[in-house]
Each structure stands twice: as C-alpha cells, then as structure tokens.
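Before any comments, here is the structure.
So that you can tell them apart, the chains are marked A, B, C and D in the order they are listed, and the count of residues begins at 1 in each.
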C-alpha cells in the first residue's frame, strides 16, 4: 500500500541531505522537518541514521501532537521541539537543527551573537538570541518539548518576531532555524554559521568591537523589508 | 533580438563564478562587475541569485549614471558603489565585493590590516585601509552610492593610489577589490582574504607584533614596481 | 599459501582508510587496529606507510603479547599501546590513534576537554580525560607499552568506565579512541575532534564558560543509556 | 633540439604540483626546486605562473652560481635563496618555499615554533627556528641571496644540523623546507604547517603550556635516529 506523504517525505529528505552538503553537521547529527499545514502533519529525519545511508522512505511523519502517523523508524529525538515550534510559529514551513561548530560554540558559551556588520544585518537586524539554561524541572520533565517552549518564551520575552528573526541558539545546545520552506530553513542555518564565525573573528581582531550602529541596522531592515525594498528579486 | 553585450556579460559571468570557486562568498553573497570603457557601461551580477543557478543572460548591464541598459533582473544592491568606483578610479577594469570571513572580521572590527610580512608586501606595501563608519546622513541618503564615495574619500585622505592599493575594507561591511580586469579583481580578493587570515594568526601568536620594517616594504615595492622589477613574468 | 586473517586484515584496512577520509590525520600519521578475540590476535596498520599507498596485504597481525603473527612490514610504532588497551578493556573491538589537530592541541596543553554542551553529552557525560605527563622511567623503558598503562591507570584513578568514555587524550601526544568495532572507534575519533574544536570556540567566545549543569548531563546519559533510552534506533 | 634536463624538469614540475594539492600556497605563491648534484644544476618553478597553467617545459634550470642554463621564462624570485641553501646544505636534494598560513603567521610574529608534543618530536626534537629580521644592508643588497645566508648563519648560531631540522621560518616572510628529494621537502612543508597549527591551538587552550620534557624529546629522537630505530619501515 502506498504512502499518502510521498511528496512531503521527498521534500524532507532533500532538505536533510543539504545538511552534510553545507557542512552543518557530521555523522548522524542534525535534522530537518517540513510541515504540511493542511494535513496537520510534519515529516522529519529518523533518529541516529547517517546521512549517507538515509533513504526517502526512512523519513518519519508525525502529527502536531507528536504522534507518529507513518514510518518504520523512530523519529529524531528532537521531534517534540519541532512540534512546539510549528504550533507556536504559525507561518513556519520548515525547521532545521544543526551542530555547526561556530553556532554551537556561541550556544555553549550562552551568548547571543551580537550584530557587528551588514552581513548579519542583511538577514536580521537583531542579535541572534540565545536561550538561558533550562530549569531543572524542565530538563527532568518533557525535555525536548520544553526546549521548544524555552525558545518560544524567549522570543516573547525579547519581543522578537519569528518572521524577522528566523534563528535561535538554544543555550548549552546549538542552533534551530526555520523558514517558509525547509530549504529556506537550511539556508538560514548556513547564514547563521557564517555570521557566528565572522562575529568570533571580529572579536579576535578587537575584543572591544561595538554593536552595529542603529542607523545602519534600520537601513538594512528597510532595504529588505521596507515599503521600497530593493534587496533580492522579490 | 540579440544583445550588444554578449561578450561583456560572458566575461562578467565567468568572473562571478570564480567567487564561490575561490570560497569568497556563499549562497547569493558577493558580486563582480566588469566595465566596457568605450561603451560607457558595466555588467554586474543580479541581486539575490544563487551562483549555482545563475546564467550569463542573468547578468545586468548598467551605464555610468547607474541606469539599467539591459537585463531582465534587478542588478546587485551594490551597483551604485561599483558605479562610483568606476567613475573615480579611471584605470579600473573590474570590481568585486565579497563576504570572505576573515576580511569581513577585520572590517567589522573597523581595523585596517597592518602589513606584517612579505606575503602582504608582494601585493601592496601599505596597510589594507578600512573606511570609518559612515555618517548617519550618508546612510539615510543614497546609501550604496555613499559607500562608494566613502572609499574614494578615504583613499584621498590617506593619499593612496588605487593602482597600488587595489583593495579596501568598508567598515562594518566587508571588502571591495578591483583590478585591470574582473579576474584580476577576484585574484586580489583571494589575496586579501589570505592576508587577513595570516594577519590574525600573527596577532594570535604574538599580539605585540610590529609592522614590517620600512626597508623590507621598500624592497618589495621596488622588486615589483621599480625600474628593475624582477617579480613575475611582465 | 593463503592467510588465515584475510577478513580481519580487510576490516582493518577499511577502517584505516576512514582516517584520511575523515581528515583525522595526514601523510602516514595515525593507525587503526581491530581484534579477533577468539583467535587472540589483532590486525594493525604498518608503520610509516602513506594511506594512499597502503594495500590490505600490508596490514600486520599481532598477538596479545605483541608478537607478530603475520605480515611483511613492521607494525605501527604504537602497537604495544593497542595491545595493553585490548588486554585491559575487554569489550573493545577496535582502537584508533589519530593526530587530529584540535584533539592534539588539548593533549599538548595537558588539559581534559570540559563538557560544555549537549553535543559532547550525547556521547559521554564526562570531561574527555587527559593523562598526566609520563614519568621519566616510563618514557625510558617500554615507552609505547607504558603509554597504554598510563591510559588504563588514569581511567582507574578517575573511576571511568571504558564502555561509557570511549576516548582519551594522551598528554603531550594525542587521542586514542575505541569502540565495539574499528569503524565505531573511528566514528568516536570524529566526534572527539569536533567536540575539541567546539570546546575551544566556546572558550574563545567566553573564557569563563562553566561546565554543563549536572541535570543536563544526567538527562543526556539517561536518554542514551537509561532504561527508557530513546536516542538512535537501538 | 631536445633538453638535457627532461627528467629533472619533470621531477621539479611534479613536486611543484604537490604545493596546491597539499594546500600549501594559492595562486602563483610558493616554489619547489630539485638539484642534480652531478650536473651542478637545479630546476625551479618560473616566477608568477599559476599552478594550474604551469607545464613541465616552463620549469627553469639554473646553475649553482644562479645563472640560467635552460628556460624560456624568468625563474622564481627566490632562486638565489635556493642556490645558497644547495651550496651550504650539501646533502639536500630538494627545497620548497610555501606561504602556508599558520607557518607564515609564526614567521610574521618572528617566533620559533616551540616543541609542545610528539607530533612535532617525530620529525625534529628542536623548536622550528625563526630567523631574526634581516639587517638593512642585507635587504638593500642581494636580498634573496642574503635570505639564504640568513638561514645558514642562523643554523650555525643555534648549532642545528640541517639533516635533523629540515625546515625554517624566515622572519617576516615564511617557511623554507628541504629534504633528500623534492617530494620529501614538500612532505616536510606539510608537517610544518600542521605542527604550526597545532602549536597555536595548544597556546589557545593554555597560553602557559611548557616545552615538551627532555626525556620525551630524547626518546622520540632515539626511536627515529638512534641505533635501535624502530619508527617507519627503513
């Protein structure tokens, strides 16, 4: 009997294969999901499968309560984090979690990535947020689900719009990125890693470097999101 | 109807494709232009197009007032910066802007790259200049055009000859390089990134390292540019 | 006359070829061995042979007293270190020694790699141990055999279980990793290098970063090793 | 009319092509030479030719007074440095100069690379020497020839044997390596770059790291060079 989710699983598989291709994770690390909002399900990488051995049929389909709908393997251990983000960030079409080393380094140091230049500003004019350490009861409870809530509540506290800041560092852990599509989410993860690397080099050249001035941040916001946007082809 | 600029667009396309090949930028970042001085136009990368999807016909042709002459896509958001440089540095044949991470790191730290060794001296005997932060009215006005003027006026203040220093860091932003041809400009961007990386490693080995002594700088200048030049095959 | 160890040597050869493929060592550096517990012998890389010239027939077979059983080349200079580990860590199926640069950097600095995040915790919830400098009489005696004893006694002092911590830094030297199979050992060496790199980046972002909190270490231990383990497909 | 040096030029060409393959230099940087001691000539890379465009016939043959014997291009600007080394280090068969970034970083900081571990000790038990800045009259005179003399006199001052230390950093400039063959010289340049990188990582982990203890240096010297040497297949 055939699957109702052939296309969704194929899209999820292709986006996952971008992770090793873009050097965002090694071995079995990292995972990408993609949602079908009408069907109320999302497809996600299985847990612990090496990228070079993965097949589209290995992709697991899960509903928005986190229950498995289709699949012969256990889904990624981060599945419930993805579920919370889909339930909270309603315009998100795809999510990726990676272990790219510079982003992980900032996350492990529990530091947001300060905006130092226009490379960063062309994608978001805010610092890349880093969630604080989780409370012990969150860790000992539904750990992965709580990781999702930690992200959502941190965005609320900072007043950040997930359509304008499509990436976060989970403290002591690593990056989660999202976007309108799974490929856009992976693209954001590539940007995050490069910005994380550039920010560290900046501090190594001068540890006293200051945040990009506000007029420049505003200008880059406007040229991408403003009424007379002229960045890109859209 | 055919294009009058087939060759110019082809040359521009080829030089742009060197950017990802030389690891100078990822995704859609960076752009190369090449000028036809007789026709008074330059060809430049379109905005926001990934290198692996770009086709020679996507290249945009613009005149020296920044008006589009030919093209089906919007030209790079940095087009007016290129225009100002072509209008000011009259022997320049090609220009490249990249987001290579070490050069960006120095630019974000607002620091010129001090000349520490002969690798640097074989290309220029000056520090690689870094423009100061732009004034708010420059940013809020014709931002990209002002970026060009910021480069030109910084060269004037420092008394630098754009034929001898073919590269600059735009503060908080990143590198622009130029040369007699577009390929030579990209070659200079490769040199800049390597020199930026070496300078940081030098400071990491010893933060007190001093600028290369003047006799060595003079010697390297003379063996390349002096009356008895003996460096390279020209 | 045929070899009795064709399969063992083939497995050893394949695992050794993963070392350059995974960028764990250059030139002739590094070595992998694999044991046949029933036959009481292990196969190991020959000394000083470049990976790209190595052939399965070059692999040397040695018994658990370190005596050569089969081979036309001298075995790796680290053979007796492997022998001691096989004799002490009785569930080990394969061992790898590499010269991967970040792991070597920590080993040369004589520092254990502190656990800063979940990437590390998904593999072991302990710091990666680093053996103290060897005593002069150990160095001047059976140096390579003593290197093995140094590892074993350091694990005993720290109360570490070699099934839960499958990697060590030998002080002033570099990493040894092991696992149920030779390929799992190489996989662990890949993890170690990535964790070593991430830990250094973490300290470069913030030199005051603290060890991962205990509740998170316990949680990651349980989700992999606990009675309700749900990490991976096993 | 045919060349008398077809084989010598072929060997030189092949060794030069290892330089970009091993990531020791970019563009036209770096050069390898190989000597025919019986004929009293050495073959060397031409000046300023990109590796990917170089052909065996482009290799230049020079005698031990630095006079061109055969060639249609100008020889490397470092030719006289090679000449002095061949005239002084009489058992040298090949020489390479690279611009590999970590070795250049140490050279620009004017610091010898301290021996911190066994990776370094397996190749030489001494720090990698770094020549002091050249005197102004050396720079203004026969600069490249004086660079060779600077290396030779630094080895004499430190009492170093060029058969045991086959590499040097020229202060403010970069590495020169040599060996019995040109390929062995390039191999040494690969080792030097890796050791330079590991030494910097070591200092980044702990800036107070001390030189490898003498008993370990002696042991590694003996196992490679002593009467009962057992390292490698020779």
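We take it that contacts are C-beta pairs under 8 Å (C-beta built on N, C-alpha and C of every residue); 3 or more make two chains touch, one makes a residue touch a chain.
What you see is a predicted model; the values in this text were computed from it and never measured.
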From subunit A, the most remote chain by mean C-alpha position: D
Copies subunit C and subunit D touch via same or different residues, half shared test: different
The angle in degrees, nearest 5, through which subunit A must rotate for its Cα atoms to match subunit B is 90
I'd like to verify one number: the distance from the centre of subunit C to the centre of subunit D, where each centre is the average of its C-alpha atoms, in whole angstrom. 33
For the pair subunit B and subunit C, the C-alpha centroid-to-centroid distance in angstrom is 46
Flagged in subunit D as touching 2+ other chains are 200, 203-204
Tell me, which pairs of chains are in touch? A-B, A-C, B-D, C-D
In the complex, go through subunit C and note every residue touching subunit A. 116-119, 187, 190-191, 194, 197-206, 209, 212-213, 215-216, 219, 223, 230-234
In their complex, what parts of subunit D are in touch with subunit B? 26-29, 46-49, 73-74, 77, 99, 101-102, 104-111, 133-134, 136, 139-140, 143, 172-174, 200, 203-204
